[in-house]
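Paired with chain B in one complex and with chain C in the other, chain A is shared by the two complexes that follow.
Moving on to the complex of A and B:
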């Protein structure tokens, strides 16, 4: 009897524990949901960039623009530090990498150097996230400057709503920005609205090497063992995967997550060039807009993937498999090829397998029809990702603010923003600024990123032109460098859509159309790859349905936007 | 001696019931267990591991905790949260009890109309932007008071508290009145001592609310020294996530540590509240059921 009683007591305790845990779990639900939402938005930077609200639109009014130019043409050089002592407030979203080791940006060594060089006293208004920034916009009480990354209705609307002060009348105070914009047509067009207003001080990725960060990744050590070259054509890839499966015992030689497959491999055309398709998403050929998923050539891409799937070379779980599993599979020898980036994928795995001298990775470029061809597309980001420091109409001293922000584009400023403080965070070695051990092997144990966040802006964004030297030193493993140079070799610049978006009045129609079309394309892509839907129906069903969903109207709207942009 | 036990339907049910419940416990408890052991594991080994995990991966490490605690924001965040928790609870409890007492006693003019107005707020709120403008005009922006004063009384909790007070017989209040007790005395000497269970539930609800809150802080605060713990945690997780995923190419131990830091943060931030639950548990069932219909 007593035993039974004790047993009951134990059960009761366990039950109580379970209730406790489940109650706690409920308490955390909100947090979880939020996390989930965040992850999707993070994983989908391209998608958010496609929304018309965040970008600028076209149609130039030449007269205004040229007027601004002529005004700026006669500008004298700005001398730093500025003569008058100014106090300016900059609102920016909290960056945990910065605030991990300093109160805010103004109190980092970088911020102090910037203030010292310009003679401006900088105060940071720290906003916890994008919501807080939107509320700040709504409240109408704006600081002097804002780190801007988009506004509902686009930059035109932000100017109308008195959030952005167009810089046209102030360009004589920003001669160095003017010089940068004049040096490259794309820079100038991207940072101007269709009314000819200059939005602000853009973050510019100054080299093609900085535009690609993801692509096809392969187990280089397996290739070496089997005496194989990096695959270039679809047939090469097929042979390599087959060899990996048969001779290396890889259960799923090619594993890729659904997001990476669709948003990187297809949307950026890593697998499409050999079949005569630039990429899945919108692209342009000589000023004419195409939507890759609605092109007939897409059928051959699907047929190739379907073949890999049917023969067990492509991971049958590609719709559900997550990054961690793929990485584990590659490290455990179950997988030999994937789609990933230099940091989270390559860097992560290479470091984990540091002790295993045989393990090695490499990146190979987008597939092509004939060995030696240049692929038409690759993972390619816009040089101006839409991040600006803007001056507000209520700014207390606009001339000083403009001069302050112009500093990042000067020669000294560029060194500060990219490399930090000479003698501390970098030294000149053989004429090249080189990060010191303070950054590369921080004595306090800070990671490279955290150290860079204290001394530079190259790791994130800001009003300056990012230099290649940053990436070369940051992603400094030989495999990473080799991957980046393979990934960046392409004609993407020719076919890439510049940062345009459809006109404000078309925006809601466009996003509704593309929402439905995008969903349909994703569903059918999976069905064709897995063979649930036979490829024979590609023309009769898939293309017809896309037509009935009015894909042509969407293309037309993108075309108008592109025409406007080109006419700027 | 009764060695042989008959197989009765009840016994069969019990056996299956216990098995089912144990499985349920396993499913609920395993993720928590996983997080705890994963936070002590070697990040490299962990990222190579596939499937269930029963023991921490060797070599054991505390490096994730080191990284978490090296971040000075964690400490300031904890202090801010404790301040909000302490001040907030005091204000919450005082106002909720006063409000519930008002709605319980007989007599006050327009009591029903006021009760209706209070319940109205449960279903309709002003929205985020008016809320923000209000806080701004009250000059509470960028102060910790912006986390304490809005929502000082939660309507749902007020109703639970009121049900708690209502379960005390009217005659007690009446006799106290006859003995010359003022309303304040009745509240302090009669109602509160008799509603300890409900008050414990209030402490729990409000306390957990303050502990987990980050949203108000994210929109009202401007200074990272004032951020409460959960907001700091959220920003760190965002950082860890972005360096693992986003365009930032590079070989960074942060990317590899990201998972580990996530687990360590969960352990650090949930342990205090997890420890609190068992002590309040005995009041919990009693207190929260007060308002329910009893059979």
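Moving on to the complex of A and C:
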């Protein structure tokens, strides 16, 4: 109790000092901008010194009233900027696109605008990579907020381990998030644990158009030259690759990095449909869980890839080749087909090759058995991909943190998170927020992605609802649009697993099982593709080993989790 | 027994009084070790617990099987034999091929008569030691990629023309040879120092007895540095299970886990990527225990055979 009192005293002193300083600053400056704001801060030490100038005194009074009401637990509105001046720390993993041009997120124009709008002083705890984040979890000494993207045992375990503070008792401070969750049953279900705890502030893809962003990419100009259609079946693809090799001199017609091959092409089923397999990872058929890598049909997928590898159509270095090399190969005419996304792959290459009118790319949909079929799967993300900003139990001012994070779901916040700052990064054209040339044709030569990373969060994730307008403008080139429409056509929604995590008591066993199984699958996939392991051993060795590793138990645990989710 | 102990204590007391200055000087070192080497050992408790950061080390629950569940899981894991075998294969081949290499270099340099040439050679040979591991590994990757010069040379001898780091059976040679290249010059320094300590009169005497270069090396030089060699070997054996973890992380990929995945990389993946802190601590302890046993055994053997030992 005494400690708390002391803290209050310290805070009061700091506040007083801040006010004094801001007053001093007024005296020194010419006072050309927000005079009104300063007056307020002089008269009322409680008010934030960043009250915008245009706010009239009557509005200020109103805001005070509603603030008082919400403190009493009644009002369903938060007024920004917050009255109280707070300092909050957010831990997040370094994002190269952000730190390429700013010290950290808080220093970007976006970060500054967010702080100004909410009146919160944001400090970023920059973590080098995911491993550093895991170490932070293990240390038990947590900052106020964390950009969270998963935890062994799921959110239930993270709540039990005192990493996540469930928001249930604080939802009156997040009325706009509440409204978003209420608007859609899936949103609500996905962001709540089975005990009914609200996990945090989710990143939500607000439109189906945003769910797919990666797929198979091809040199459209080569297809045109050779009078070929976009490949649809495995045989089509084989013929196209052969033609690229023989007629276009492509040394490695199909080049793809190991991560893209496994985590996108196989895991999302870009190559599996024709062989009767939905995808490599977990999927469901009428509520029954399957693990694609443990299905018999996977053998035919591997046989196809092995054929491409053996004939020199698939990059012999696919295990080690990196994205930059692949992009360079495509632009140099050594490669004609790859797996990538609209932005980092297509966008960057098309922008780099702007000068060359012949260069053109396109995306083609997941392979199917017969031309015209609808593929069973595609790169498809859940509307809530499991990325949250969470408030920790040790947060110094939970009410303020919740109000701060709620901002992204308000009308103004949504504009800021999706489009940036009005008049700078976007303007309203015909009622639609439209990116300015600062984003689309950056005067400093930044790519769209890098420019967006400075002004918005739409390019990545964050506590807000991502809008379709972002993707429409970001991937605005005709070939990107055509790629997106080819990639989205599928029955993926039918087979996709909702974002479920296994029960907390099974979590440790599950993660041990899947750790071993995942490694084994990755290794054997590579060995079968390269032919180091003959495909004859698929049943006798591969499937048997998976069985002995107890893959059935893992599937069972996922099944329980899915049943639980559906019953909720 | 009791008597002996008592006299031991008294001796210590006398010693303390007599050399109090020396003991004062050692205090900071002792504190350093207690603080940074012994205190953290408390953390190994998590190997026997279901560690939860919220509960902390002490209050986390013990695992089942009297706290040994993580160890049992590890021994029963599909990968146990493989990573143990890989660790031993990589480590032992590093010792067999990597340990004598700097001794040979030191002997060769010692035979050089042109001082200038000797110094230049030595400088060049220990240069790679100062290159950061990340850079060394990217160089290795470059040289062994499908367009790298090593791959190019090997393809003349019937090797594959794809990146060598995608072939399981090339990993150990790549690891060991690049290790030798990186460390040979630096490690030779200590032997060169030992060589300068050999009495020149011994060489003179040997020459008078009619020993040639080869005989001199065999009968004067080698016995002269054997003490250093054995100490270095013992120290090296103490790390037999600690293979260069960063280097493997930087070089391996899923396709060659078969030969490249070792205990330390396994610990890294389990602990830092899969959040299984307790499990990974258990594996780490297993590793340390083996190291400890190996160095004890070899120390004993060495003391019996050659009178040279660490303690």
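We adopt the following convention: the second predicted complex is superposed on the first by the 297 of 568 C-alpha atoms of A that agree within 3 Å, B and C clash if a C-alpha of one lies under 4 Å from a C-alpha of the other, contacts with A are read in each partner's own complex, and residues count from 1 in each chain.
Criterion: a residue touches a chain if its C-beta (ideal position, glycine included) is under 8 Å from a C-beta of that chain, and two chains touch if they have at least 3 such contacts.
In this text, all values refer to a predicted model and were calculated from it rather than measured experimentally.
K.L.:
Could you say whether A:139 touches chain B, chain C, both of them, or neither, answering first, second, both or neither?
P.N.:
A:139 contacts both chain B and chain C.
K.L.:
Please work out whether A:316 is in contact with chain B alone, chain C alone, both, or neither, and reply first, second, both or neither.
P.N.:
Once the two structures are laid over each other on A, A:316 reaches chain C alone.
K.L.:
After the superposition on A, what does A:475 contact: first (chain B), second (chain C), both or neither?
P.N.:
first
K.L.:
So in the superposed three-chain picture, is A:131 touching just chain B, just chain C, both, or none of them (first/second/both/neither)?
P.N.:
both
K.L.:
Looking at the overlay, does A:350 come into contact with chain B only (first), chain C only (second), both, or neither?
P.N.:
The answer is first: A:350 touches chain B but not chain C.
K.L.:
Could you say whether A:249 touches chain B, chain C, both of them, or neither, answering first, second, both or neither?
P.N.:
In the superposition, A:249 contacts neither chain B nor chain C.
K.L.:
Looking at chain A, which partner touches more of its residues: chain C or chain B?
P.N.:
B
K.L.:
Please work out whether A:522 is in contact with chain B alone, chain C alone, both, or neither, and reply first, second, both or neither.
P.N.:
In the superposition, A:522 contacts chain C only.
K.L.:
In the overlaid three-chain picture, which partner chain does A:531 touch, first (chain B) or second (chain C), both, or neither?
P.N.:
Neither partner.
K.L.:
Figure out whether A:545 sits in contact with chain B (first) or chain C (second), or with both, or with neither.
P.N.:
second
K.L.:
Do chain B and chain C land on any of the same chain A residues, and which?
P.N.:
131, 135, 138-139
K.L.:
Going by the contact rule at the top, pick out the chain A residues touching chain B in the complex.
P.N.:
For this pair, the touching residues of chain A are 11, 14-25, 27-28, 30-31, 34-35, 38-39, 42-43, 45, 94-97, 99-101, 103-104, 125-129, 131-132, 135, 138-139, 141, 213-214, 323-325, 327-329, 331-332, 341-344, 346-348, 350-354, 381, 445, 447-450, 459, 471, 474-477, 480, 484.
K.L.:
If we count contacts the way the header does, which residues on chain C are in touch with chain A in the complex?
P.N.:
Within the complex, chain C contacts chain A at residues 50-56, 73, 77-79, 141, 145-146, 161-163, 165-168, 253-258, 269-270, 272-277, 279.
K.L.:
Taking the complex as given, what residues does chain A use to touch chain C?
P.N.:
130-131, 134-135, 137-140, 151-153, 160-163, 258, 316-317, 319-320, 508, 511-512, 515-516, 519-520, 522-523, 526-527, 530, 532, 545, 548-549
K.L.:
Which residues of chain B touch chain A in their complex?
P.N.:
Against chain A, the touching part of chain B is residues 18, 21-22, 24-25, 28-29, 32, 43-44, 47-50, 70-73, 128-129, 132-133, 136, 208, 212, 214, 217-219, 221-225, 227, 230-231, 234-239, 241-256, 259, 270, 273-274, 277-278, 281.
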